[in-house]
Structure formats: structure tokens, C-alpha cells
Amino acid sequence: MAVAGASGYAGGEILRLLLTHPAYVTGDLRLGSLTAGGNAGSTLGEHHPHLLPLADRVLSATTARELAGHDIVFLGLPHGNSAAIAEQLSEETVVIDCGADFRLTDSAAWDRYYGGEYAGHWPYGLPELPGGRERLIGATRIAVPGCYPTGASIAMAPAVAAGIVEPRVTVVSISGTSGAGRAPKANLLGSEVMGSVRAYGIAGAHRHTPEIRQNLSAAAGTDVVVSFTPVLAPMPRGILTTCSAPTSVTAAEAREVYRKAYDAEPFVHLLPEGQLPQTGSVIGSNAVTLQVDVDTDAGLLVVVAAIDNLTKGTAGAAVQSMNLAVGFTETDGLSTVGVAP
Amino acid sequence: MAVAGASGYAGGEILRLLLTHPAYVTGDLRLGSLTAGGNAGSTLGEHHPHLLPLADRVLSATTARELAGHDIVFLGLPHGNSAAIAEQLSEETVVIDCGADFRLTDSAAWDRYYGGEYAGHWPYGLPELPGGRERLIGATRIAVPGCYPTGASIAMAPAVAAGIVEPRVTVVSISGTSGAGRAPKANLLGSEVMGSVRAYGIAGAHRHTPEIRQNLSAAAGTDVVVSFTPVLAPMPRGILTTCSAPTSVTAAEAREVYRKAYDAEPFVHLLPEGQLPQTGSVIGSNAVTLQVDVDTDAGLLVVVAAIDNLTKGTAGAAVQSMNLAVGFTETDGLSTVGVAP
Amino acid sequence: MAVAGASGYAGGEILRLLLTHPAYVTGDLRLGSLTAGGNAGSTLGEHHPHLLPLADRVLSATTARELAGHDIVFLGLPHGNSAAIAEQLSEETVVIDCGADFRLTDSAAWDRYYGGEYAGHWPYGLPELPGGRERLIGATRIAVPGCYPTGASIAMAPAVAAGIVEPRVTVVSISGTSGAGRAPKANLLGSEVMGSVRAYGIAGAHRHTPEIRQNLSAAAGTDVVVSFTPVLAPMPRGILTTCSAPTSVTAAEAREVYRKAYDAEPFVHLLPEGQLPQTGSVIGSNAVTLQVDVDTDAGLLVVVAAIDNLTKGTAGAAVQSMNLAVGFTETDGLSTVGVAP
Amino acid sequence: MAVAGASGYAGGEILRLLLTHPAYVTGDLRLGSLTAGGNAGSTLGEHHPHLLPLADRVLSATTARELAGHDIVFLGLPHGNSAAIAEQLSEETVVIDCGADFRLTDSAAWDRYYGGEYAGHWPYGLPELPGGRERLIGATRIAVPGCYPTGASIAMAPAVAAGIVEPRVTVVSISGTSGAGRAPKANLLGSEVMGSVRAYGIAGAHRHTPEIRQNLSAAAGTDVVVSFTPVLAPMPRGILTTCSAPTSVTAAEAREVYRKAYDAEPFVHLLPEGQLPQTGSVIGSNAVTLQVDVDTDAGLLVVVAAIDNLTKGTAGAAVQSMNLAVGFTETDGLSTVGVAP
């Protein structure tokens, strides 16, 4: 198994999860190359001092040659870099891409939101979507969902699939800063983000908008219009997603739809009535906590979901997808227990 | 001038602003009684060590007798306590209530959201609403708006007043913790709120919902349906309000509506295109920063506003209202400069 | 196994660790009573929503009767409450007290810092101290160290034991807020602690001062004078301990002393030269990361240590001690991998 | 008046303070050029959205030509860039350098800690030091102190000057992140600093060490040995300085020394006994809050001081120095009121 982009946040989180994976503990799953871009040549401990057991591992340069020969390759690369690597890897290698390159099924959406050559799409690593699990069993190419689409899709897919809402969904997601990655930027400095929340990419400008729309439209079997507003909050991890859509059902009916949709899901938990999701209770966990209610005055279904953007929102989904792809137990290496407070 | 509830956050912020008020500096406005409930007998410095010039002031008990005889009285009391005090104060005394007691014009809304006897309503301290300023000139009883309604009302009043949106507004507001007050509660401990965001009072349950609806309906001249979701974020101050409503105008047309509405307002700033509000830039300031855009895919007007919940959201509005009521310059003691980073 | 005080932070962290303990996973270790004081009757999920697998467990009242009959009992109670419970439990029950009641060997120190009846002292749960591990094997009563003493003792014990410093140690420890517990207090509100650091209990006033002195004096074989300054920082978890003491050795010599002392310790990691400890890399982990250097201008050994106050500083030490007491592998249920960023 | 480096944190804070300066309000002090390096050509509002009244000001490039012709020039430049600019400015221009270039009187210390050509030293902008105020009256070149040395020098100068401690001082300072500036670096990203404290530059490695030693030695009239440990905390602003030094006086005697030293100082406040400084109470303020105690067991004087690193620690000192240099009232544009919570 290899991890490309091991010095980044996605790479680090994949490694954190793998260290507790039963197959790693028994030695069935072995850690081969850890690669990086500009950080090649340094030790993992310089970038991820929290991964003490791997602190002395030296990062090699991210090349197809370095990654070839591994049975499983995780890619945590900047957008646009995965295709060139992936096409040089054997078709039998399980390649799990945490980037956006292979998420969108619509090349026009790709052109509008990302640009550059459209690379196609791979099986999408969100087993909780209708039909999502089946697509991943035995897959050798997997596109890990974006962090915002994970929260929004799990929050609204049951409602649009069951037809209990009109296909117009408003999503406001409040995210920790690690979702913006580890490349140094002035507006992500601690001094800038602490003590402040800010919106960005409003009015449909954020790249995750078409991905949410794609997921919900597929679940609904009809086009779902999505309004998406991302907000940056002063915390390292976590996304709280608040969604609403016009409905005429009661809260009890809506809860029943969600109960049926997620009762068998190991990572999605509908909270007891009256208890609301908070990101602080899913840090480091692969869980999604949900609450569902109806605003009868406004005629809206309101759904709130909490995830850890780096775990269920990225690396946890990658490991969960790997488990399905290669035949491990789906929950291996993943927990529903967060670190709190 | 007296401040009741001086050891709380609203009281402390009123005092912070008054210390820079020109009339205080010249001695025309003098600080009389500072009162508290359980903290009576202690010094202000024990509760507000940031107010060094007033550190030795001793808090007296909050009684009508203690407050009587002042020409201006600010009330920063728990909800439900203002009416009993106010009715014992002279009608000529300018009484400015930071609590909810006199905000709602609809007694049914009061019954549903607050309960207890409905005390009536006072002139509402939000000069930026249509007709809002006129109501305050010479007023002797003023109800300071709630912090969430301030952000949401300033964000959406121009659009509903101009009729450029359908009267269905979705509001998600992300607030710092000081809005919840200073009474010790386990779920507001630093350990609980840091590193976490959480929703609460969803689906119309929050008490500020009817107040937002009241303001927007008055501005629109028709009933405006409001869906309101409050979110608690790990920061002491600030509210970021994100709003949307169905529209068919262009972004340029919408911006023009807001430009006209707020060009003459000293505290409301429409940011340049592409720049988004952040709470960190209005900390300690009475400013509201706004951005307006249209999501053409979703057919929605999107408005984002940032305020400091303790300043423009509470104490700044109280001081601004006082200025209008007693004939000071409206901006006295108030600034559009925040403390950042 | 039972946990008293399960709704508090120490109790919650013990449960978090136990959920991954091999003996719990296999069913050899079973969770019996979870008890609480005022929270008895509520579910664990209301207090620790991050412990999803235990969310439906109902808390019973903390009484000796409720705890009796368990082979292992963890006590996470307010100081002064453990003795009365413990004396009613069988001598064969392994009782592990996270409170201060049985830590101090000097009744005069107890009188001065805690007061009330001196209850005696139990084997001290810090295996990394000289002779510390032996005391715990087979023990049935264990006093878990205080969080500050854990960091300070691990940081300075090797130096005082080796005699490379004069027995005068200055300790400044910067702690997250969870160390102050979960009882609601106004000065621990998020609004108060975020964006601020403050000292407290300076000049020898903090109760952990005699415990640090006790540990270092025992390690040194002579009285070690300790100056201790605790500082509260705006984060939920973690303690960074900075220590200094007069020395005449070189940095290389000092590092060699620490290398020898901790090479075989599973949880203590001397970082590579030039890399400094940060609390963020040990969150949720039982690791202690250390750096050792000499300020040649000042003639001082400088040691910096990072721990998670709730894990190695409390619940991790409790589990580690349990492992030694009952014959599990010492590292069971404990990790050296933190959750970061 | 001109500000070079106006898009940085020091520059922004100078502008924030100047906006409230009486001479600016009356128009006697006028804002000329605002300059920047890479940010030249952009508006101030893009970098300091909290300075709304100046949002449209365009930054010009930092050159001596651009700065010439102003009567007062503030330099907020990276270390090593001030000398080349300053020597091209008229000797009558009041040049106030917020960088380190002209702080150290000892060229050997400069060589060891900074390197490059030693530029000499200017009158030092800390009026509260013995003789400090006199040096600044009428000065045309001023070196603003480093942020850490400000806290440590104010905390310990009275004690060393009065001879009540041995000349060996241990300083541990916990700082917010803005002290590290605004240049993007991976280890200063919000994701890295939130939820974590870390030490850096220990054992005498930090550049502020010789500056603290210089100040305290001058105050003592003899060489004072300084051990300095800086710690980075998760907050944007503020420095809490904890100091200790061997003493044989009582706490009352020590407090008396400090009372005498600072009674007439407008910005230094010795807190009542039992109240401890916290950075949160001096945010945006030019105040220094102090507490003084004696640890009789350890035989140490313990002093704790809180400042805002950007205000009293940088820009406030710059404005205070300007006031003294050009004959304004020393406190003009400066406040002892912080923004809290």
C-alpha cells in the first residue's frame, strides 16, 4: 500500500486510520511508499508529529514509478494531478483518489468549475448513497467524495429519494480550516481564521456545488436544484451541514424516512429527537450524526448533519471504500467514537 | 446615566462604548449607578477587567429605586425582568431595554415563544429599517433588537421592501458564544464550544424567529415567511448571517437596490464585489458589512452580513438609539473600525 | 468494570479508551455500572455524544452499593469523595481513583493544600517514574497522578535522578480547559477562555505544587524545590510543560540522560534535536513528547513536554495502571498516535 | 504621516490607532502615503477590512522617495530593511521603526542573533523603563521594542532596578500568533495553531533574548542573566509573560516596589491582590496589567504581565513614542480599555 501526498492533511489522516486497521496490525496490509511533492526527502515526523510510530519514515518523490508495484495506492494530490499518475498504474492496482479529478460525471460541469481536460469519472466512494455500496465492491478505481458533498448528500439523499421534498435544496455548510489544505496562504493563517467566521464561494461559485447536485439528482431520479453556501469557522476539523427543502410531511414522517434509509448504515446515526449534531462529537470518527425536523411555519424540512471533514469527509471514506473494494470488513480501521471534548 | 446588569456582557459592552462617547469625555454624560443581581457588592473590575478606568466602581443591587433619578437607564437584564423595573421609572427617563420584553408587536408570538404576561412593545432600536430612525427620535422607551434579528433584518429588508424577492427567506446565522450570555451553563463551557460548531433551536424553535419575521414583514408590507437556523461557533463575538430568497433579478440589479438602501447609512457597508463579510473585521465595531449576489442556477438572491453581536447586535444599537433619542449625533461613541486580527 | 463519574471528562475519556481496549473488544472486560451524581438517570449520550456505541446507556447514582461487585472500579469524582466509597469496596476490587484523595504521602501537604481528613496514600499511577512500574503490578488501589504533575515529573525526573541539575526547578505549564472539569463556572465559559491566556494559582498556590515536589524529591533522593505556575490556554485539551533548572552539563550530555531514562518507555518520546513538543500532536494519545536543551548563557537545563491532560494526564494513566495492576499488556487500549490537525 | 508596510499586522494596527488619535480627528495629523511590498497596487480594504474608513486607499510601493516629505514615517518592514530606507529620509523626519534593526546596543548580540551589517541603535520606545521617557522627547529616530521584551521588561525592571531580586530571571511568555507576522507559513496555518500550544526558540535561541537582557541589565545597572522561553498559543493577539527571580523580600514589600515604579504610569496597572492578568482583558488596549507575588517556599519573586502584542507590544508603543517625540499628549490615540469578551 502506498500513499501519495503523505505530508498533506488527507495523507496524514489516511495513515492515522491505517495504523489501527486490523489488516495493518496483523501485517496483511503493509505500508510501502509514502510520497510527497516539495516535501520529498524529509521525514514524516516533520510533517505529522502526531504519527509517532511512522515518524522516521522518509518521504520519496511522487512519481508513477515510485507508486507502481503497490496493490493499493491512495492519492492525496492537488486537483488535476491524479489522472497522469493513475493511467500509469496497473489496472489491477486499487487506486483511490482523494482529489476531485474523477468525481463529476458531467464534463460540462467539470469545464465550468475546474477547467482543464476532463478525465472522466470513477466509482464514487460514498456507500451510503442509494446503490453506492454496490459500485465499490471490487472496484479498482475510486473517486473519494468532496467533504462538503459528503455531508450534504447524506443529509438530503433520503428526502429527495423518497420524494418528500420538492427538488430545491438550500445548503449552508460550516467547515473547519483543514478542508482548505496545508499549502500556506495568508487568508488561512491562524491569525486570520481564529475568532472569525466568513462565507466564501457563495451563489453557486464553490466547486462542490455541481457534486452535491449530481448526488442528489441521482438519488432523486430527477434534477435537484442546489443552493450552496460554504462558511469557514475557527476550528481545524469538522463540517456542520444545515439543509432545507420545501415539504408537506410531518417531522415524524420525515424521521421515519431517515430511519429506514440509515438504520443499517454503520456510520450514519440519526440522533434522538431534540439532540442536535455538533462537529465536536465526531472528531477523528467516521460517523455522521443527523437530526431531522420540519419547520411547519415555513413548510420546510430541516436536516442538520455533522461530520469530520478529514475522516468521513476524506480519509475515512477512502479507507471505507478500500475495505469494500478489496473485501475487508467495511468498518475496519474506522470508528464511530470521536475524541471530545 | 445608569446601567442595570452591568456585570453581564451587554452591560459591559455598553460601558465600553460609553467610555469613548464624546458626551462622556466632556462630562455632559455622567455614569451614575451600575447595578447587578447576584454580583451586587463586588467591583466592576472583578467582572470586566478590560474596563480599567471603571475597575473600582462598586455594583449596587438592581432595583427601581437605585435606577430612579437617572435621565437615561440601560437595562441588560434576563428576559422578563424589564417591565417591572420600567414601570416604576419616570416617563421622562429614557429607558433602553436590551432584553426581549418589548420587542414583539404580536402578543400571540410572545405567548408562543416567551410566555408569561405580554408587556407590550416599545419603539424598536434599529434605525436602518424603513422608518426605523424616525421612531427613535425623542423616544423615552426603546427595545433594542435581538442580535440575530439585527443581522437578518439588515440583510434582507431592502430586498423584501423593494419586492425583488418572493417573501420566503431562509436564514442561517452563525454566532459567537457571548450571545448566550454569561450565566454559567455546562454546554457553554470553553471545553465544549472550542473546536466545535453546533446548530440549535432549528425548524423555527428559536425565539428570534418571530422577531425576524416581524421586521421583514413590516419592511415588505406583506407577510414574509422566515426559516431560521442558528449555529454556535467557537469564537466569543460575531454573527455571520447568510440569507437567501427566490428572485428573478440580476446580481447587478440587486446590488443597486442595496446601494440605494444603505448609501446614507453610517454603519452599513456594502462591500466591493467579490469581497465577502467576515465577523473578524467588525469586532468591537458597530458596522455591518454586506455582500449581495444572485445564484442564477438556483434562482436565489444570496445575502451575507457580518456584525458584532455585542456591538451592533446589542450595546452598539443601544447607544445608537440613545443618541437618536436624546439628540446626540447618531454615531457618537460608535466606530466602524474593528479590532483585527 | 464500573466507572463512577461517567458524565465528567475523566469518566468520558476512560470510556473512550476502554472501547478500543483489546479485552473489551474480545468481551473479557465488560462494562457494568456507569454512575453519576446529578446526572444520574440520564443517558450517556446526552453528556458524551462522541461515545456513540454507548449513547443509550443510562447512568445510575454513584453509591458504593452500585459499584460493589465489579472487579475494577474507576473513580472520577470531585476531590474528597473517593475515600468514603473506596472503603466500602472489597479489598480485592481494583479501585483506580482519578481524584487527588490518595496522591500525597505527606499529610501536612494535604492539610495545607486540600484540607479535610487525610485519607492516606495509594500506589501512584505513573509507571515512568523510577520504581513506578513495580508499585503498580498487582495493586488493588491506585491513585492516578494529577495532570500537571504528570507532565512536570516526566520532564524533570531523569535530570534530578541523575543529579545533573541543582534541586531547584521552575515549572510553567500551559493547559487546556478540560483540566478544570465540567462543572459550570463563569470563568470557564467559552466566551471567557477563547482568545485569552491567563495565569492562576501562582507563587505556590496551586494544589499540584506539592505533588510535583513529592515526585521529583523521590526521584532525586533529596528535597527538590519547585516553583510552579499554571496557565490556562484557549484549547480543550493538552498541557505544555516548560521546565528549567541550573545545570553545568552540555545539551548532549543531558539528552543522553533522557535517552537512557526513556528509551524503553512505550509512551515517552524524546523528539529529534530541533523539533519541539506541541500539544496538538498528542491529542487523544497517551504519548509524552519531550525536548531537552541547555541554555548555556543562563546555565539552565530546559525541558519541554507535551501531553494530553485527559489521556496521559488522567484517563490514559488510569488505563495504563489498570493494565499493570491486572496483568494486561501495559499498552492495551492506549495509542501513541494523536488526532491532528 | 506615512506608514510603510501598511498591509502587515503592525501597519494595520498603527492605522487603527491613528484613526482615533485626536490630532487625526482634528486634521492636524494627516495620513499621506501607505506603502507595501508585494501588496502595492491593491487597496487597504483587501488586507484590513476592519479599517472601513480607509478601505479605498491604494497602497503604493515602499521606497524612500515615496516616504520622503512626510514629517512622521512609521516603518513596519521585515527585519533588515529599515536602515536603507531611513538613511534616505531627512534627519528632521520622525522615523519610528517597528522592526528589530535599531534595538540592540551591542553589535556582538546583533551578529549572533540577527547577522548582517549592524546598523547601530536608536532611542528605545519604552517610556516605562527607568529614564525611558526622557530619551523619547524630541527624538527623530525611534526603535520600537520587540513584543516579548515589552512584557518581560515591564514585568521585571522594577525588581532588578530596586535590587530586590538576584540578577537571574526566568521568563516564559505565551503569545498569540500575530506576533509571527502575516507572511504565509505552513506552521502558522489556522489548522496547525488552533487547539495546540507549542514552545519554540528555547534555551536562548529566540532573538528577543538579548533585548530582554539589555533592558533588564540597564535597569539593574549590572548584568542580568535571562532565560527566555517563548510559547505560541491559539489566539490571534496577546502575550502573557510569567517571570521569576530569586528574592528574599515579602510579597508586600515587592508590591510596594511595583506600586512606586508604576503609580504614575498611564498604561501600567498593578492589579488588586488575588486578581491575575489575562490577555483577553487588554485586547486592542495599550495597557499592561501586572500581578506580583512571592513564592516563599521557592524563594522566588513571581511576576505576571499581560499585554496586547500588537498594541502595547508594537503599534501602541509606536504611537506612544510618536506622541512623546512630537509633543502630543502621551496617551493620545491610546486606550486602557480592551475589547472583551
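All chains are identified by letter, namely A, B, C and D, in their written order; residue positions are counted from 1 within each chain.
The criterion applied here is as follows: contacts are C-beta pairs under 8 Å (C-beta built on N, C-alpha and C of every residue); 3 or more make two chains touch, one makes a residue touch a chain.
Chain labels with UniProt names: A, B, C, D = N-acetyl-gamma-glutamyl-phosphate reductase.
Computed from a predicted model, the values in this text were never measured in an experiment.
> Could you compare the number of C-beta pairs in contact for B-D with that for B-C and name the larger?
B-D
> Going by the average position of its CA atoms, which chain sits the greatest distance from subunit A?
The most distant chain relative to subunit A turns out to be D.
> Subunit B to subunit D: how many Å between their CA centres?
It comes to 35 Å between the two C-alpha centres.
> Just how far, in Å, is the C-alpha centre of subunit C from the one of subunit B?
It comes to 44 Å between the two C-alpha centres.
> Could you list the positions in subunit B whose residues touch two or more of the other chains?
Within subunit B, the residues that touch at least two other chains are 9, 178, 191-192, 194-195, 234-237, 278, 280-281, 283, 340-341.
> Assign the assembly's chain-to-chain touch graph to one of these shapes: line, ring, star, complete, other.
Topology of touching chains reads as complete, every chain touching all others.
> Can you list the residues on subunit B that touch subunit D in the complex?
Answer in residue numbers: 9, 12, 16, 19-20, 45-46, 48-53, 178, 194-195, 236-237, 269, 271-272, 275, 278, 280-285, 287, 289, 335-341.
> Under the touch definition given earlier, write down the residues of subunit C that touch subunit D in their complex.
168, 170, 172, 174, 191-192, 194-200, 202-204, 209, 225-227, 229, 231, 233-238, 240, 242, 244, 251, 276-281, 283, 291, 293-300, 302, 304, 306, 340-341
> Sort out for me which residues of subunit B touch subunit C in the complex.
9, 176-178, 180, 182-186, 188-195, 234-236
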